[in-house]
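Next come the structures, one after another.
Each of the next two complexes has chain A plus one other chain: chain B in the first, chain C in the second.
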Partner chain A sequence: MSEFEKILSTVFSVGTLQQMLRSATPVALAAIGGSMTEHAGIMNIGMDGMILMGAFFGVLGSFLGQSALAGLGLALLIGVLVGLFFALLVVRYKSDEFIIGCALNTFALGLTSYLSRSVFGNNGTKGNPALPALHLPFLSKIPILGPMLNDQSLFVYLTWIVVLLAWLFVYKTPYGLWLRASGEKPDTLRTAGISPKRMQWIASLLCGILCALAGAHLSLGQLSGTFAENMSNSRGYIAFACVIFAAAHPGKAYLAALMFGFFEAIGLRLQSYVSADLTNTIPYLITIIMMVYVVARKQQRKKKLARA
Partner chain B sequence: MIKQKINTGYLISLGVSVLLAFLVGAVILLCTGHSPLKAYGAMLSGAFSAPRHVGDVLEYAMVLGLCGLACDLGSRVGIFNVGGEGQLLIGALTAAQVGVALDGASAWVVIPLAAMAAIASAGLYALIPGVLKVKLKVNEVITTIMLNTVAASLCQFMAKGPWKSSNRTLIAATERLNADYWFGGLLRGSKLSTAIFAAAAIAFVVWYVMQKTTPGYEMKLTGQNPRFARFSGLRIDRKIILCMTVSGAMCGLVGMFRVYGAEHLFKPGVSNDYYFEGLMVAMIARYQPLATILLSLFFAVLKIGAEGLQQVGVPNQIYLIIQTVIIFFMAAQGGFLEQLSHSRNLNSIRSSKKGGA
Partner chain C sequence: MKNNEAVIRFEHVSMQFPGVLANDDVSLEIRRGEVFALIGENGAGKSTLMNILYGIQTPSSGEVWIKGKRVEQYDPRIVIEQGVGMVHQHFMLVPSFTVAQNIVLSREPRKHKIFFDNAAAEAAARKLEAEYGLTVPETEAVEDISVGLQQRVEILKALYRGAEILILDEPTAVLTPQETEELFSVIRRVVRDKGMTVIIITHKLDEVMAISDRVGVMRKGRLVGIHETKDVDAAKLASLMVGRPVIFDELIRSGEPGATALRVEHLQVSDHRGLPAVRDLSLELRAGEILGIAAIEGNGQSELIEAITGMIPVRSGRVTVLGREVTGLEPGEIRAAGLAHVPEDRLATGISGLATVADNLLIGRQREPRFNRFGIQQNRKAIRDYAQEVYQRYDIRGAGVDSLAGDMSGGNMQKVVIAREFSFDTPVLVISQPTRGVDVGAIEFIHSRIMEKRNQGAAILLSSADLDEVFRLSDRIITLFEGEITGTFRAGEISKEDVGLYMTGSKRQGGQEA
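Up next is the complex of A and B:
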């Protein structure tokens, strides 16, 4: 086997695909939440903090209630609170969403690290009740897809449902139409008798919940009940990149998350050939190129229209 | 972006926000079983009990202040530079590498060259989002956030790979600089170095240009009313790109100061989201240069003081909480006061109607 074939076979192995799904799932959940706020015209870069809050309070709930479900419950509750808090500042008090996002990230980092050290001590916590991985016997018979999809955390499957629901919500229901209108044409929506602010509240709330789920998945699912300081590890920013990349389309955001997951997975696998630090930059660069391409195309279209 | 002037109302709301934030901090401290008075006392002594602490406060205030001013500069012309973190790292890395590559040369050669390298590399790195914003209207907040991560990864790659130090205990760091090139320390045991004089000079120039000169006024015009500025014959595109580049170059210099003044080598920890903290300071200061500098002193006291908290067994992250709560209050107060006066107006209208009927 030549060197090149070896590289190819490591890149396109079942393990890579499994890893891709695993790293894509939390990012995708957050990105779908971010799509909601993006549609409502709020540029939300506070997702990283929201994820971190979900991750910590998930573990805290699991520790206090000695059950993973209690953890999930607390994480969701915190997600609701953070979403409402974000909306209170950004929608109600019209603060700069960008500043609030920045501050929220730092606030979450400070609060979770502080509480983690206060409750669990300086070494953090491990081995709290966690959400088990699902083993589906019928899947193991299918080649490639079987091992790729099997033994994954419940959230991996849940995310597909969330993607579908989010897509239905945004594009097939009147609420979704209002949501999109609240970002694009708030005055039109107001004329139709629907408050754009209410849609923005709902969007922030959904974003908070989905980000908290993403965090709970990280701490309760992937790391089996472990909280580490700053464990969101800028996944919120990756999710933000996915939202931009997908123009806030939930399905496309999921695909974008898969792309980020793919590059992370091959980065881990090809460490003996290229540094993971380099492969990690690829998705970000692609996102920038995508943005430039989208904007340039829009301008071209405008010019054409102006000529015609 | 809300741009308001600094006036008494602002000072009052700042004072109230700070007080409320310390109250929130006290509640959290109480909930976790610490005495707030003891903790805040430890914070004060952490910042002022020894000269070296004061030195650290000044060093950190320098970092915050320059980062905040870099942010002010961009926001004055209406471009929001969020990429300072990446620009800082790039500047720090190139400056460090210049020092390593020219090892043996005179400090009079190395230090200016390193500063120029930091300015050039970080400036160019900021030029990308600036040009994209002006020429294609690509949102600069998003591109700079992406470029931050790219820069962090690239610097990590260089510090782990090609430019790695021969010292094996360091995972990601460049070679230690020759001690001849270090900025002289000013207070024993602290990170404060002569870099602070250079920083003060830069801060003065930035303040002077922004507040006291015609280009500064034109910048303000460009940011507040770009169409009017364009019709008055200003080349606003060039101004925006220039300000963004200078803003990046300043962040690069901060990186160089961190390397030559405090760390003496490049490692990713040269900056722990320091730019983001500077940006928040600038935001609280409403993007006014003088207020930015004063507030960065305050936040530096808070941050360095928090390190004294560990001696009384309180995790020092409480400082992040207090800092961000101040921001939440400051950011919300505009909208909050507006609604308050709005509802008061409504009430007075209602009552006057009742009185009339």
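Up next is the complex of A and C:
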């Protein structure tokens, strides 16, 4: 086997696909949350901070209650609070959503770093009770797909359900119509007797919860009870790119997140051959390529309109 | 309830906004089964009154009764349930939703209690269409259908919600004459066959005469008169609106057209999105004539005018003012070549709201020696004297030349723009929307000034969304559709209805030169 073939076989293995699902999951959860606020007409740049809060408080809950479920519970509670806080500022007091989002990210980074050092000391914490991976015996019999899907964190499976529910909610229920109307033409909803602000509150709340889940997956699912400073590592921004790329369609946002997961997994595998600094740039390069694609698609649409 | 019974009653309704009394002790009864027209100038309080009825605003004092029940809580949801529907001037439709989805929004048919039933929504839309004879493409997205159809969707939406009382806010502002006629026949049909009550807010007096049974006139927040339409005429209504007699004098034309003053050849212009807006357009304008542009908004008239006046770039073609090519020059250079411009949006480009009236009147002349000392220091006294003189000559009414232009009423702001541009005495005038949102009295004044300029030999290119204005002022009329000239007519040669056919591109003259 030549060196090149060796690289290829490490890079394109079942392990890579397994890693893809793992890496995609937090981005996907946040992106689905971001799709909600995007439909409600809120440009939510603050998902990174929301994820970070979920990650830290998940570990804190797990540490204090010595149970992963306690961690998950605390993460969800914080998700609700952060979502409501975001809505209070952006929806109720009409602050600039971009500024509030940035502030939320900075605030979350500062707060979690400070609390982490106060509670766990300078080296962070490891090995708190975490959510176990699920082993589904019937899956192990299927080749490739079986090992790829099996032995994953609960969140990986949960995300599929969330995608389906979000898609049903947005496109198949009256509430989804209201949600989309609240972002596209709020006055229409208001004159129909439904408060667009209420829909924006709900969207912010859902986004807070889903981002907190994403954070909990990072600290309790993927990294077995570990918190490290800034562990969200810009996943919130990548999730935002997925939202834009998918035009806030939950299913497409999931696929976009999978793509990120795939390239991140490849990057991790390549680290034995190429500098990690270089492979770490891959997700961001992909973001740029995605955005170029979004712009190109828009221009194509414009040209089509011009010909019509 | 039988006919002639009061279906809506306003009792001593007042609405106080900070600094403005928008409605002042209004008492009014609307009868079941009538078409009631509510007219008044901008800011007279018509829309406020209707917003109160629709539950969007809560009055400061007074009561509203709908079908014999007092409105306790001002909330659109409750008012809608009592059978009031409103078609807003700016349509309340979600552009990406289908027609059917827009019609059922907020009262969606469901399956399994929580899911939206799209098929049932489309069926409901079709049922309504059949019942009221209003055809719409129920599966298409609203953004893909015409403005006239969008208005039908709005009406169907109100009917779907069970409206018996329909409020139409300036419904004809965006319609062609054909679409207006269709709308009126729909109104007559729902009133006659379904016993509906229609309230129509408008400032077009001929439409009041054509469609309404009774008319209420509002002025400065007060209801100053209610009349049976058959007892009044347009002139009477106009003077009631303004509060003093308005004489719609026949404008006097004199003189013969002279030499060509403005020439446009094969002009191509793109809009702000980069799409072609003006396509290979040529026209000639002679001294002593008014050439009016009749077009539905968004058909290239704005881009044509902005390209001629140097506000946006020209893609190809030539513009010549008095024999001198000005294509691609700066607005100031084009002005120096002999062309003044009254822009369509006075707030955005016509005036500076934060500057004084005097400074606004000065713009474009600031470098003239008489307003300067050694070219660096303003001569405030000369500027003030000049502004004072123009202020009086153009009958501008406000708090004087030292007040801020942004604090004036729309009509007076427009007079400032007209006064400034007309006082350059250029041989060519390009005028866009000269009286948009301006009250009847000011319209008369502005029209007579435009005609005076024409009679003095100015070449005038006029663009207006108000078809009546184009017909009243123009010697010749061109119709634009999608950036192309679809017809050229001498005034009096064509009716408004026929012009409508050329404006929508359904008719087209052979040649395309004007």
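Odds and ends about this structure:
The definition used in the following text is that the second predicted complex is superposed on the first by the 258 of 308 C-alpha atoms of A that agree within 3 Å, B and C clash if a C-alpha of one lies under 4 Å from a C-alpha of the other, contacts with A are read in each partner's own complex, and residues count from 1 in each chain.
Operating definition for what follows: a residue touches a chain if its C-beta (ideal position, glycine included) is under 8 Å from a C-beta of that chain, and two chains touch if they have at least 3 such contacts.
Because the structure is predicted, anything quoted here is derived from the model rather than measured.
Of the two partner chains, chain C is the only one that A:Lys185 touches; chain B does not reach it. With both structures placed on the common chain, the touch criterion links A:Arg117 to chain B but leaves chain C unconnected. Of the two partner chains placed by superposition, only chain B is touched by A:Phe98; chain C is not. In the superposition on chain A, contact of A:Ala296 is made with chain B only, not with chain C.
Touch criterion met: A:Met43 reaches chain B, while chain C stays clear of it.
Between chain B and chain C, it is B that contacts the larger number of residues in chain A.
When both complexes are overlaid on chain A, the residue A:Thr173 reaches chain C alone and has no touch with chain B. Of the two partner chains placed by the overlay, only chain B lies in contact with A:Thr287; chain C stays clear of it. When the two complexes are superposed on chain A, none of the residues of chain A touches both chain B and chain C.
Residue ranges of chain C in contact with chain A, taken from their complex: 54, 56, 75-78, 80, 86, 88, 92-97, 101-102, 105-106, 108, 110, 114-116, 273-276.
Residues of chain A touching chain C in their complex: 168, 172-174, 176-178, 180-181, 184-185, 187-194, 302, 305-306. Residues of chain B that touch chain A in their complex: 1-2, 28, 32-33, 80, 82, 132, 136-139, 141-143, 145-150, 153-154, 156-157, 160-161, 273, 276-277, 279-280, 283, 315, 317-321, 323-325, 327-328, 331-336, 338-339.
Listing the residues of chain A that touch chain B in their complex gives 43, 45, 88-89, 92-96, 98-100, 102-107, 109-111, 113-115, 117-119, 234, 237, 240-241, 244, 275, 277-278, 280-281, 284-285, 287-288, 291-292, 295-296, 299.
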